[in-house]
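For reference, the structures are reproduced in the following blocks.
You will see two complexes here that share chain A, one where it goes with chain B and one where it goes with chain C.
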Partner chain A sequence: VPVAEKRLVDVKLGELGSWLGTRDFTPNGILASIRKGHDRYYNKYINVRKGGIGGVAMLLAGYVALSYVWEFEHLKHDRWRKYH
Partner chain B sequence: MLSRLVLVSANAAKNSSPLGAGLVQLSRLHTSPNSQAPVPPLPEKGGKTRHGIFPEELFQLLYPKTGVTGPYMLGAGLLTYFLSKEIYIINHETISAACMATVIIYSVKRFGPDVAAFADKLNEEKLQKAEEVKALAVASLAQAIEDEKKEQWGVEGQHLLFDAKRNNVAMLLETNWRERVHTVHNEVKKRLDYQIALQSLHRRMEQEHMVSWVEKNVVSSITPQQEKTSIAKCITDLKSLAKIQQAKATV
Partner chain C sequence: MMLNFFDQFMSPVLLGIPLIALALLLPWILFPNPAARWINNRLITLQGWSISQTTHQLFTPLNQGGHKWATLLISLMIFLISLNLLGLLPYTFTPTTQLSLNMAFAVPLWLATVIVGLRNQPTIALGHLLPEGTPLPLIPVLIIIETISLFIRPLALGVRLTANLTAGHLLIQLIATAVFVLLPLMPTVAILTASVLFLLTLLEVAVAMIQAYVFILLLSLYLQENV
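What follows is the complex of A and B.
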């Protein structure tokens, strides 16, 4: 199976560079990958008969984590110790 | 952008059914005109998650190498690392986060099943309404089929109707024909009777005329002399006859 068609989980570490080279980084390609990712997540966790809380909870948790990451520069001043 | 995504999918998934079902159908329409195969049914349950936020795939990924406690050890190690290096900083927000987490977990554990049952009930009602519409349509179409079959059966019997009508018409024609033949017969008979009456009248008149003519001639031919002599002869004949009678009577 050629490198370009493998999924990321199947790509070996040594092939990572060449695999990245085959990816489509044009704006259309990026939009397509975003849409595909959204569809995969949506169809797996939300688009079901009896969805659980996991579908929404994972998105909220991700939002919390991401907002913490963006706020880190401000929070750095609240540190208890200067040297770790 | 992610937050907006979260809001949309939160609305869509909170009920896990009514809105979700509506949005669901939108994403599963036949977008290409080629495939007319029936859309596969929705999966029953979503992907599994442990403790609500960690996908089961992570645990399955680490199981061969680290066993059951692997991901928990990973979590504990990461937490210790973040705390000790103060990548996660403990401040007032930590306390509020802890309080909110408590409230959220308690409410989910307590009210989760009820909300899920309510959402499922809403979905059931929707499905039932759609089913009713479908059943109604099917019933009406079946009724239409029945009516059509009845019509076809009725048409088969129409030829009997036409036969009866044809018989009626034939009878009318026959009656009319017979009436006219009767009329003709009567008319002809009348004319023939007239001719017979005429001929008999002729003969009678000729007879009577002839008789009266003969009588008249005879009477006129009796001269007075002949009349006297004939009367005298009659008287002598009568006298002689009387004599004979008298003679017979005395004998």
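What follows is the complex of A and C.
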């Protein structure tokens, strides 16, 4: 099986560089990968006959984590400290 | 200890990308389109049912011309409700605390209702400036007062939303800091304050939804007068 067609979980560590070289990093490619990722998540967790709170909850938890990373520069001043 | 309680309202930027962009996109991702099926999945059905109930309740008093505004107003309401509720999650940023955003929603929509009224039925629209049954000497004063109240409407709409959300977030932060500081010193007082914090959070959830609703309700009322 050629490297370009393997999924990421099957790529060996030595082949990682060449596998990344075959990926499509153009804006169109990135948009396509975002759409594919969204479709996979949506069809697995939300577009099911009896969806529960889990699908949305995972999304919101990811959003909280992302917000934490984004605001870390502000948040790092809020630690317990004798002198600020 | 919080260094500055107002830091949470500063628009955060990471590597040049503002978080407000992601925060504004998130409501779009959270409400998927119904598929072209007879019966959708449970979540989409729930979403569609609640939206249609809200639309029906908001737009029954309006006449046929007003129903053209339904898409705009209901989508705006969903946007505001989701923005407000997402802002209550930890570490998130609430775009509706920025006055610029709320004024950008309020002013064009209010202006649109006024212009629609003045174009289609100018006499009736201007007639709203004078309530029925006013005594004759009071008429000039009242017209001035009603004009002022008309022009203050967009300001009130924007500032109401901003102030309610900002005040709620600040209160939560202040009381949480108080609980945090009191915990080693006076645990009982800390527990009492923690219960206040719990109730305040419930209030904030309610306020988030109510404020969005009020925004849209008032806009629909202004529309009802004018359309």
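What we mean here is this: the second predicted complex is superposed on the first by the 80 of 84 C-alpha atoms of A that agree within 3 Å, B and C clash if a C-alpha of one lies under 4 Å from a C-alpha of the other, contacts with A are read in each partner's own complex, and residues count from 1 in each chain.
Keep in mind that, in the parts below, a contact is a pair of C-beta atoms (placed from the backbone, for glycine too) under 8 Å apart; a residue touches a chain by one contact, two chains touch by 3 or more.
Predicted model, so just to flag it, every value in this text is computed and none were measured.
By the touch criterion defined above, A:Ile46 reaches both chain B and chain C. In the superposed pair of complexes, A:Leu8 makes contact with neither chain B nor chain C.
Shared-chain residue A:Gly54: touches chain B; no touch with chain C. Once the two complexes are overlaid on the shared chain, A:Trp70 sits against chain C while remaining clear of chain B. In the superposition on chain A, contact is made by A:Trp80 with both chain B and chain C.
Chain A residues in contact with chain B (one complex) as well as with chain C (other complex) are 38, 42, 46-51, 55-56, 59-60, 63, 66, 68, 75, 78, 80-81, 84. Note for the complex: chain B touches chain A at residues 2-3, 5-6, 9-10, 12-14, 16-17, 20, 24, 27-28, 42-49, 52-53, 55, 84-91, 108, 112, 116, 120, 123. Residues of chain C touching chain A in their complex: 1-4, 7-8, 10, 12, 14, 19, 22, 26, 29-30, 32, 35, 41-44, 86, 89-93. Those residues of chain A lying in contact with chain C across their complex are 38, 42, 46-51, 55-56, 59-60, 63-64, 66-71, 73-75, 77-78, 80-81, 84. Put simply, chain A touches chain B in their complex at residues 38-39, 42, 44-63, 66, 68, 72, 75-76, 78-81, 84.
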